[in-house]
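Labels A, B, C, D, E and F are assigned to the chains in the order they are written; within every chain, residues are numbered from 1.
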Amino acid sequence: MTTRASPLYAARNILRRDLTLAFRRPGEWLQPVAFFFIVTLLFPLALDPELAHLRRLAPAALWVAALLSSVLAVDFLFREDGRDGTLEQFALSGQPFAWLLLAKTVAHWLLTGLPLTLATPFAALALGAPASSVPGVLAALLLGSISLSLLGAIGAGLTLGLRRGGALLSLLVLPLAVPTLIFGARATELAIQGEPATGPMYLLAALAALGVTLAPLAAAAAVRISLE
Amino acid sequence: MTTRASPLYAARNILRRDLTLAFRRPGEWLQPVAFFFIVTLLFPLALDPELAHLRRLAPAALWVAALLSSVLAVDFLFREDGRDGTLEQFALSGQPFAWLLLAKTVAHWLLTGLPLTLATPFAALALGAPASSVPGVLAALLLGSISLSLLGAIGAGLTLGLRRGGALLSLLVLPLAVPTLIFGARATELAIQGEPATGPMYLLAALAALGVTLAPLAAAAAVRISLE
Amino acid sequence: MSWAWFHRFGSPPYFYAVAGRLVPWLAWPAGLLILAGLYGGVVMAPPDYQQSDAARIMYVHVPAAYVGMMSYSVMALAAAIGLVWRIKVCHAVAAATAPIGAGFTAVCLVTGMLWGQPMWGTYWAWDPRLVSMLVLLFFFLGYVGLRGAIDDISRADRSSAVLAIVGFVNVPIIHFSVTWWNSIHQGPSIIRKGGPAMPASMWVPLVLVIFGFTFYFYAVMLVRARAEVLRRDRGGSWVRELLAPEENP
Amino acid sequence: MLEILDLHVWRGERHVLRGLALRLPEGQALQLLWPNGAGKTSLLRAVAGLLPLESGRILWQGEDVAADREAFSADLAFLGHELALKGDLTAAENLVYSVSLRQRIGRADVMAALDEVGLSRRADTPVRQMSAGQQRRVALARLGLWRARLWLLDEPAANLDPAGQRQVVAALERHLATGGCALISTHQPLALQPALTRLWQQPGEPA
Amino acid sequence: MLEILDLHVWRGERHVLRGLALRLPEGQALQLLWPNGAGKTSLLRAVAGLLPLESGRILWQGEDVAADREAFSADLAFLGHELALKGDLTAAENLVYSVSLRQRIGRADVMAALDEVGLSRRADTPVRQMSAGQQRRVALARLGLWRARLWLLDEPAANLDPAGQRQVVAALERHLATGGCALISTHQPLALQPALTRLWQQPGEPA
Amino acid sequence: MSDFLAMSGYAAYVWPSIGLTLALLWLNIVQARNALERAKSEARRRLSGGDDA
């Protein structure tokens, strides 16, 4: 006789599936990172080049780039599964829906947020940040990218199945992401200036924790509605 | 008896169709503009606000935002028509394919590039550019957005029907867009500093002209291949 | 002129065989030229009167730069021919070129940066020459990425061919960037009116390395191209004959 | 046993299902042969809980499904116009991942299921590279793997050649024999043994 | 008259059509009843020029279609698995815009065409709000409006109820009567007059 | 010898450049060889009818 799958088993398989899918296309999961790099490169291109000037600009450039590339990436979080009916099957699987979506979001973060985080130090150095600032920058982006992915999940759920979802999505997510952006940029700035950034770091962590607990529920509700 | 449609008639109908589609979803065509605004606003948020500082930053902010939002938007140029078989019908219509795609690109520019252009002055002022610079900024973005749309069309054709097309698209288009970005930002900078920007303007115009003549052909080739 | 040779090369078996025979004839000279050139440049040649020994980076930087640009040109040309005349072999060549060209471009960038730190006091500057070379690297990466994203090989061939052709505009920009815009990067110093701007003891080794890299590029490219030709083969009898002996040794 | 009482469903402006009622006992398959646009898909989606009910009740084993959606979902299998297959995954992977949402599964079961629909030699082809009918067959194999009591099938025989349609019938008869029941929308009646099935020609008439 | 000589088509790694040949004279419809995955869709797409030929020739009115693609395209109508309809446009708008790529057209013709497929009352509903079969019917109406000599239809009867299938047959017979010809992939033979049609069971056998 | 290695103070820039270049040359050779071998075995698999045609 068959044994029911535990929520954990189901989630693990979703995770495995999404990673398989991503790695099947070589370098596909690298694209948000590439995008991130390009965006950070665009600034100096569009500016008159003075490193001093760039350094003051680094936090803004980094975070805007990170925010945009994660918004760009999250657009694909539910789109395909929604179109080809996979999400319907999730909803009908008899497993807690929010939990399954959380699994998908985690996979998404592993494929976009994490590489993004690991990529930032290089971009930061290219923008003239001192090597000493790397740990701080890393920490800030680690926390930031988590809450960005989670916020993105809500937006992705809301815009699921709309034409031109992408642009609308960014409209919905960017405002939500403003706090993350501000604290993140502030933390990065302090790190670059070599000052302790505990304050904004705590706030970033709080935002991430809040996101993990609430975002999946909101996303699940949004997706259910979009499925009709 | 039926009379064959002239290429002009066909193109006019494509234009009409795409505009109808865009306006059927209220405010949909506004999304790239909104995105553009949000991005430009993100900078001041992520920075310590000093107008003098912002003003020097304005050209970069404007152009990065414009480039990103047009790349984001162009992702939808062919996607839907490719998926639902419309582009196949274009290819089988017996009309010059490149010409039909040019019509689609024009419609797309009217819906994204033009509003974007009209929106920039406000963003520029918000970033502390002097009112006197508005005409220059407008001209630069008018020319720039045209070639961005056309370059985008090539990338959209190449990534048509690929999963995660969006991210790859930006990876392909942004290098192509670098010259436009550089000259555009330079022109804007001069305009903001109140100096004559004829040099970069000419180059922008040249790029746009080049795009109008060549991009549709490249896009047509790309789309044909992607249709298989 | 007759197109016979053109079509002969177009046939996978012929190309596969000829390429196979050609490789050693390219590889050995390449090795010798590179060794000689690097020895001449890094050991024998006198230090530059301004840059002293830092100038020795030139002997890898410049050849890498040339080959990087050349390989993009080769790629674009092969892609164009393959697209127009529907010749698989040309697509194979283009596909084989991309990763190699990307490598040389990257080396040019890195060596350039390593050279820039002592000379310009910075690893990187937003300078037309440097940026355009960086863009070249992005084109290579985009090309590889596009290929990777498409699973049907013949579609991948033709799509990426379009990209390669479009991106070619960048190559002349790289070359003339120093003359068109005021660049901190130095302009043509070998092929220029009035002969090279350096003593023979410096430019001869440089030229040797450049030729060595070029030979090397073609050798490696042909090996890869043979692999690509095999991948594109569709059960042609020649492959069966080719591999039969190896199947039951 | 599935029971629907006085069901009303709206699609946008349109009152699609007006007071529909039906009873579907174990071991029975009800085939909806309604004309195009009569509301077959709407009905199936409403039962699955993918469309909101305007009014009316849906009872499963005598209990209102609204009471415990998840339990009900675990009992049903829904095959809609979209197949919920990933073009980039192979047939086998698709089955493993979609089934493992509901129950533990091993490669062996998957191969057996693919064999039943005649795709054993295609187990490792990406679904994207399969023809319309082959993709349908993969979805069909998945249906057999889910151990669900209630099947909701929307035009299961579409795109299938005669052999494939016989496979659908065989799968259904196995399912009914083990006490399952099925609600099917179709345009050609499936050749089930008359004892096992009822045909419903028009939403107007009683089932 | 359409003539195909020794056609070879590959899909990725797979040699799908191996030296296929057929002749399709005016006023004739050839129905491909090949099993799933045999290559019907591939053949239709290859003829339409949407798939590259590995080798072989396709002649239309005795001339190789590769010589003048656009002229050939103007002569043919292709109805694939995708319907090329815009969900946000009404049925009428969809017809106007897609037909106007090829010929000038007015609202009257459109309404007539929609009437023939029994959707006159739905002319102004967005296609997104139509059922699978209703969308098929819209595509069918478009087919009637294009004045094309050669029809390439991929499972035209899918999702259609018996009435809709009769409409397909009627449209086909009108088309053949006016000297057109049609290449059709299907799994149930369409009930055309035997004089007008040939059935092709297996790609192996001759047509 | 040592002052040759010292490159009059530029060793930190010169030797990495040359080393990196040689590394690339080596890497290309390895990759090309592997690619050819992989392609051959692929072709063999296909000829021996790995999956149905």
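Some points to look at:
The rule is short, and it goes like this: a contact is a pair of C-beta atoms (placed from the backbone, for glycine too) under 8 Å apart; a residue touches a chain by one contact, two chains touch by 3 or more.
This structure is a prediction, so every number in the text was calculated from the model and none was measured.
Counted as hops between touching chains, the shortest connection from chain B to chain E is 1. Compared on C-beta pairs in contact, B-C and A-D come out with A-D as the pair having more. Residue numbering at the chain A/chain B interface overlaps substantially, since over half of the positions present are found in both copies. Relative to chain A, the chain whose mean Cα position lies farthest away is E.
Distance between chain centres (mean CA atoms), chain A to chain C: 37 Å.
The mean-CA centres of chain C and chain E are about 48 angstrom from one another, to the nearest whole unit. Chain F has its Cα centroid 52 Å from the Cα centroid of chain E. For chain D, residues that reach two or more other chains under the stated contact definition are 88, 129. In chain C, 131, 138, 141, 145, 149, 151-152, 235 are the positions where the chain touches two or more neighbouring chains simultaneously.
Each of the following residues of chain A touches two or more other chains: 25, 28, 31, 34, 38, 45, 47, 80, 163.
Of all residues in chain B, those touching chain E in their complex are 2-5, 9-10, 13-14, 16-17, 20-21, 24-25, 80, 83-86, 88-96, 100, 227-228.
Partner chain A is touched in their complex by these residues of chain B: 25, 28, 31-32, 34-35, 38-39, 42-43, 45-48, 53, 56-57, 59-60, 63-64, 67-69, 72-73, 75-76, 80, 163-164, 166-168, 170-171, 174-175, 178, 181-182, 184-185, 189. Residues 151-154, 234-235 of chain C touch chain E in their complex.
Residues 45, 48-52, 70-71, 73-76, 78, 80, 82-86, 88-89, 93, 96-98, 100-105, 147 of chain E are the ones touching chain B in the complex. Interface of chain C with chain F (complex): residues 34, 38, 42-43, 47, 52-54, 56-57, 59-61, 64, 99-100, 103-104, 106-107, 110-111, 114-115, 117-118, 216, 220, 223-224, 226-228, 230-231, 233, 235, 239-240, 243, 246-247.
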